[in-house]
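Single-structure report; data block below.
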Amino acid sequence: MGKSTWGKGMTLAILAVFVLLAAGPALAQDTIKIGFSGALTGPAASFGVGIRRGAEIAVDDINAKGGVRGKKLQLIVRDSEHNPVKLVAQHRELVEREGVVALLGGTNSAEMLAVAPILNDQLKVPVICPATDATKITENDAWQEGRDNYVFRYGMFGRGQSNFLVNMAVQRFGYKKAALLTWTAGWGVTGRGELTRRLRELSTPLVADETYDTADTDISPQLLKIKQAGGEVILNYGLVRENVYVVRAKDKIGDKTPYFSAWGLATPAFWRAGGNLGEGVLVSTTITADGPQPPERLQFLKKYWQRYGPDMDFVPGTFAAHDIVHLYAQVMEKVGTDPKAIRAALENIPAFKGLVKDFKRPVFTKSRHDALQEEDFVLGRWTNGKLLQVHFDQEGPHVILDDGAKRYIDKKTLALR
Amino acid sequence: MRFLVQIVLSGIATGAIYGLVAVGYSVTYATMRVLNFGLGMWVMLGAMVGYTLHVTFGLNVLIAMLGMMTVLGGLGLLAERFTVLPFVRAGSDVWIMSTLAVGLLFINAAELLWGRNPLAIPPFLGKDPINFAGIGIYPQEILIVIVACAVMVALDVFYQYTLLGKAFRATASSTEVAGLMGINTRRIASLAYALAGCLAGFAGLLVAPVTLAEPQMGTILGLKAFAIAIIGGLEAGRGIFVCGLLYGVLEGLLSGYLYTGIRDIIGFTLMILVLFVRPNGLFGRRAEERA
Amino acid sequence: MLSVDGLRVRYGSLEVVKGISFSVREGEIVTIIGANGAGKSTTLRTLAGLLSPYQGTVMFRDRKIGGARPYNVAALGLRLVPEGRQLFPDHTVRENLELGAYLRLWRGERTGVAKDMEELFELFPQIRPRLDQRAGSLSGGEQQMVAIARALISQPRLLLMDEPSLGLAPMLIQSIFDALIKLRSRGLTILLVEQMAWLGLGVCDRGYILESGRFALEGSRDELLRHPRVLEAYLGKTPRS
Amino acid sequence: MRHPAAWLLPALAILAVAGLPLMLTGTYYQFMLVIIFVYVIVSVGLNILTGYAGQFSLGHAGLFAMGAYTSALVSKNLAAIGFLGDMGLHIWIGMMAGILMASLFGAVLAYPSLRVRGPYLAMVTVAFGWVIWKILLEWVSVTGGELGITSIPKARFGSFVLDTPRFYYLAMALALGALLLQRNLVQSAFGRKMQAIKFSELAAASVGIDVYRSKVTVFILSAAFAGLGGALFAHQQNFINPDNFNFFDSVFFLLAILFGGAGTLLGPVVGAATLTLLPEFLHGFDHYRLIVYGVLILLALYFLPRGVCGAVTRGRRSVSRPSSVKRRTEPAATALTTGAKHGDQPLLEVRGVSKAFGGVRALDGVSLNVFPGTVHALIGPNGAGKTTLLNVISGVYPPDSGKILREGEPIRMRSPDRAARLGIARTFQTVKLFGDMSVLDHVLVGFERHYETGVGGALFRSARAVRENQGKVAEALGLIEFVGLGGLEGAAANSLSYGHRRLLELARALAVRPGLLLLDEPAAGLIAEEIDALDRLIVELRGRRMTVLLVEHHMDLVMSISDQVTVLDYGVVIGEGAPREIQGDPRVIEAYLGPSHHHVVR
């Protein structure tokens, strides 16, 4: 009897502690707060964690140099659990309770589609997305109606990425018959639509349109169907785990069809899990961290390794988050911390030197909320554990190895010559 | 034809794992009318602990397997004692929630201990696929099927020919009468729970070289295995394993000939229909409230 | 050997055994008779550890066993042949016997068990040809024999038997009780619970009549067999007019 | 008389909740509170199903999704074609459609689910939820797949748009409404019926409850609440995608009511609020969130087995309030008027009935006649087949062969509830009562076949239903008085003494207003005084021309009250006649005492 009363009391006490924690007043506003809500747990966690780390490094850099207008920056992070409703709630909380003046976008396109109208109509705080790529996130209702659009992006966007992938495969590599292999979850679905559209625009026949599911551990049936249909190139939209299954199934059935993937595979996690089965996979991305790099990037990488160890989970997002924080700092230094002013100023930045790209043009304009465009994207090739940028010359596509050797890519198998 | 053979072979490999995990459900249900609803997470934990022992510590795979099963068995005994027994004693069925809660703990613990990215465990036999007549299969997949069948046979031998196995079946038949025989039924219940955990972990480590090891790997696998255990009829071990194989092949055929997205829709609808026609599963028996 | 003092047993708020005291001495057969619902089975189930007493003490070979778990009680050498046989229906007859000898086999007495099994086949010759059949497929009488054999093979100090005649045809009842008499002659101590009074009393040394959870009468076999109260306990007093 | 504070407290709570938006600036808290309201509505539905009717569902997220998607799609498409858009009616039509669609799927889910029990039921519901979720993901052309449906119209009346603060009040009103409907339902005849089913389906059927149909009805009701919650959710979020409708959301709903207190009126509120707000409080512990969840679930299950509300209101549970009804002085006038006509034709004829269980012949060609207005006893040694015969007569088991006739008409008894509707009521050898339901509720459940108002009347507490309920309460109090439980009507059945439980079971059977009353060992476990009272009660019933078939071992009782005695042994009738004849019958004596001892002892 005593035991159960005690336990009941304890359970209720724990609850009460949580209530008190929540009711505690928000900290006084002696810092400038930037918010980020995204998946920090669950299957998409590596994206959120990568963004968080990139932003943390940038915040500390800026604070070490005295902050913005004499105030320190502070990053407030929430775990959206890959759930749009949670993300929307957390955006409200970040803005209204924490008083953040700028935001980094989430990790899931659906989340950002859900929150975009709320940011535009109610919260009116700018957000810049480093990761989510559905085209409509930035080209939302407000954008279409010409109202103030608070949603920006500093990463891949669906239309651009698909155009880039298809152009590469069809125009630069010269494949005639394409096959799609996409993930049935959100990102894969939009990618599938965009890729189909671009193939149609280029009048390239789509001979197979296969999908895979989160629970598919063996993708050989799909690959066999593609092979039977005579696909010369496979275009993929998906994430690491499923793609390890894809390259493994390719190995299993001895399939050598060239494999082009969207930026879900632009992360070392792919090589760690897939090993050298990933050799030769081509990935579209905004940035590769391997191979010869400019000094600013190397500096950033060093800081990252010191702080978080050698594994970088989501390279493009981590770099982008770093740039976004600097972008905000630059803007706020100029116009202060009013979110509306920040938003307006973002559309009028003449130039910006980021790690991902050195912008010599306005980063955003009123009609263009995607900082990076098709021509800014790069193709990477997984080469012995490194994602090396693919360059082109008269002889064709090639990569430059660490020792400076130039190796050309065989278009039939994507092997190095 | 090549296509068909390929997907059937792949289906059998997947199905063997489903079957192995599903049998874990029946081990506890048959002895004490309890299901470990978080069993999928035990699969994951088996893969993770196996990764540490085999890859990180570089132990031989058999030793790693034994070590992992010792760890999971111990956890199983603890979990039974603290999260199942109190509720079973109280005669309530909230163990559905408590076993699920333990599963949640495992996911979180795994994320903290092993990170969130998929971990690769090298195949036990060799990583090059075997090719014949254009059909490919990994040695690991063959190993999975053979070992899963072997485990089923071993389990059968245990149940049929060992004294302890007979005591398990006796406890399943009637805890009360088994107690009258001097069988420590309390201990049997704990052992059954631990055995189920071991089986799940074993399946996890066995399958990890093919599926990768990561904190979420058990969620869907556990649910599907549960579905299979139900279709098979919770108490019929062999029936469940056969169901697992069939379900694996069915999945392969569905994604091969229709498309992947529709696989679970058809599979689970079929399961509802099976239960509609046979409320206690394909191989189960009826039970009624007595007047 | 067994002494029960002031035993009370409840199911929830229903008190079924309302304070009974009795004892069983080494080598004797004691019978408890009484109509259905009098509390006979409840008493035996409590002794075997299947139920916990609400009050009272149970001593078996100088150890307190009230409230002990059934497997601990069984380990002390007290064996219950439950009402309605309760074999393991999906096990073979041989397996049922092995499970009866579970503790002995666990201790490694494989040869001893095999020898005792042979002896049991002499007592119940009907069992031998059925050894590899499912126990559930046996007839009621055969099942009862297996149930008794399953208890005997554990070499019990005290055998508790719950209504061995239940649901059996008169011919079979006869052979079961013949076996009991043989067992008594071998010096086995038995506590027998039986609804059929004349049958139960016929084999005992002493008997008790249980009525609504209390002993209405006790005495030697001959006293009880002649007592008019026995009939009344079953068929009631003469109705009022 | 209720204390004024009983009204004051809820009123204050409602006022406080209504005032919250005025105190809290910004939309965050309102947003969270609306989500809580939505979850309260869904949890109320699940509480009715799980807490009150005892049926587990791990697929409620699927029903929730049906409401959300249907409402979103219907209102969006109506808006696109401009139908009724000016008035904003398209949204309300959408919401109605959502509720209907969810109810429809509730029925679709109910039929296969209710054929199975325990883990099988859990699995069917899991599979259902999973299939719905998968369809949402895969049917991209309709549902938008994982990217979901955007720009779902906002709720409005004409140009009066229900924006955040206004929508708050709409959601609050609907949540309160749901709670009110829940209370109405639980306190109605239908509510008592479903709770009875939860505790014992057999006993519920024995008073004429069609268990299967009732369960389907409850499932549909529960689904309707989930549909309403879903529709509301869609119009609050203006965006939906499958992420909020998967297996873990189903677990969430179940957890909410288990934590809050399944089968308590406020459990859904406490559970939904706690579980929705909890993660908001855990920002510092993001990395340990599942561990915190897991530990909390375990602690709650271990220390609060009846949930928070169950722990607070422990032992204070009386669904009907007898005090609000005037007590009738005339005992049991209506309930006991079903006296039989006098006559030579038997009321019940059993003709050559046989029944075997796996090779054992429990009944072997049994025939007997029960004449109206008599007490007929059925005796025999243990295992003779008495209870089996009672079970055959009351429709629990169908006979293998033979016939049962009532007033000369052969009756086909497929189920116990059908027997009850034919006027055959019974009690059970091991008392089967409905857990902690009150004495009064037990008797009210017994009136099952005499209620005229249905679920609709129950939900909305129609005047007719209220009047009918009052009438039944009065009648029930009379019956309670009659069996001698007067003054105990508010007590929980599981707090009664054993003897009182037997009497309560009898009162419940009498509430059926049976033509034939089957009593299975009514005296078992009773003390002498209680047996005397039972004796007088049965005599009184006979005096009122009730026909009783009695299985009993207590021979003093049998011999003193029976008009006729039938003796069964090994499933065969071995004797029949007046008590005095039976006592002297040597075959009967041998059946009881065994073969004469001279055969046995050498």
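Letters are used for the chains, namely A, B, C and D, taken in the order the chains are written, and counting of residues starts over at 1 for each.
Heads up, the rule we're going with is that a contact is a pair of C-beta atoms (placed from the backbone, for glycine too) under 8 Å apart; a residue touches a chain by one contact, two chains touch by 3 or more.
Because the structure is predicted, anything quoted here is derived from the model rather than measured.
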Quiz item: Would you say B-C or C-D is joined by more C-beta pairs in contact?
Solution: C-D
Practice problem: Would you mind checking which chain's mean C-alpha position lies nearest the centre of all protein C-alpha atoms? | Solution: B
Quiz prompt | Computed distance of Cα centres, chain D from chain C, in Å | solution = 41
Quiz item: What whole-Å value do you get for the distance between chain B and chain C if each is reduced to the mean of its CA atoms?
Solution: 42
Quiz item: Which integer distance in Å separates the CA centroid of chain B from that of chain D?
Solution: 36
Quiz item: Measuring from the mean C-alpha position of chain A to the mean C-alpha position of chain D, what distance in angstrom results?
Solution: 52
Quiz item: When you check chain C against every other chain, which residues touch at least two of them?
Solution: none
Quiz prompt | Shared-contact residues (touching 2 or more other chains) in chain D | solution = 137-138, 287, 289-290, 302
Practice problem: Could you check chain B for residues that touch two or more other chains and list them? | Solution: 108, 111, 261, 264
Practice problem: Identify every two-chain combination in which the chains touch. | Solution: A-B, A-D, B-C, B-D, C-D
Self-check item: Interface residues, chain C side, partner chain B - complex
Solution: 48-50, 69-71, 74-75, 79-80, 82, 86, 88-91, 95, 98-100, 102-103, 105-106, 150, 154
Quiz item: How about chain A: which of its residues touch chain D in the complex?
Solution: 4, 7-8, 10-12, 14-15, 18-19, 21-22, 40-41, 77-79, 81-86, 88-89, 92-93, 95-97, 109-110, 113-114, 117, 122-123, 134, 136, 141, 184-187, 189-190
Exercise. Report the residues of chain B in contact with chain D in the complex, numbered from low to high.
Key: 29, 35, 83, 86-87, 90, 92-94, 96-98, 100-105, 107-109, 111-112, 223, 226-227, 230, 234, 261-262, 264-265, 268-269, 271-273, 275-276, 279-281, 289, 291
Quiz item: Quick one: in the complex, what on chain A touches chain B?
Solution: 41-43, 45-46, 49, 184, 210-218, 220-222, 224-225, 228, 240-241, 244-245, 248, 251-254, 269, 272-275, 311, 313
Quiz item: In their complex, what parts of chain B are in touch with chain C?
Solution: 163, 166-167, 169-170, 173-174, 176-186
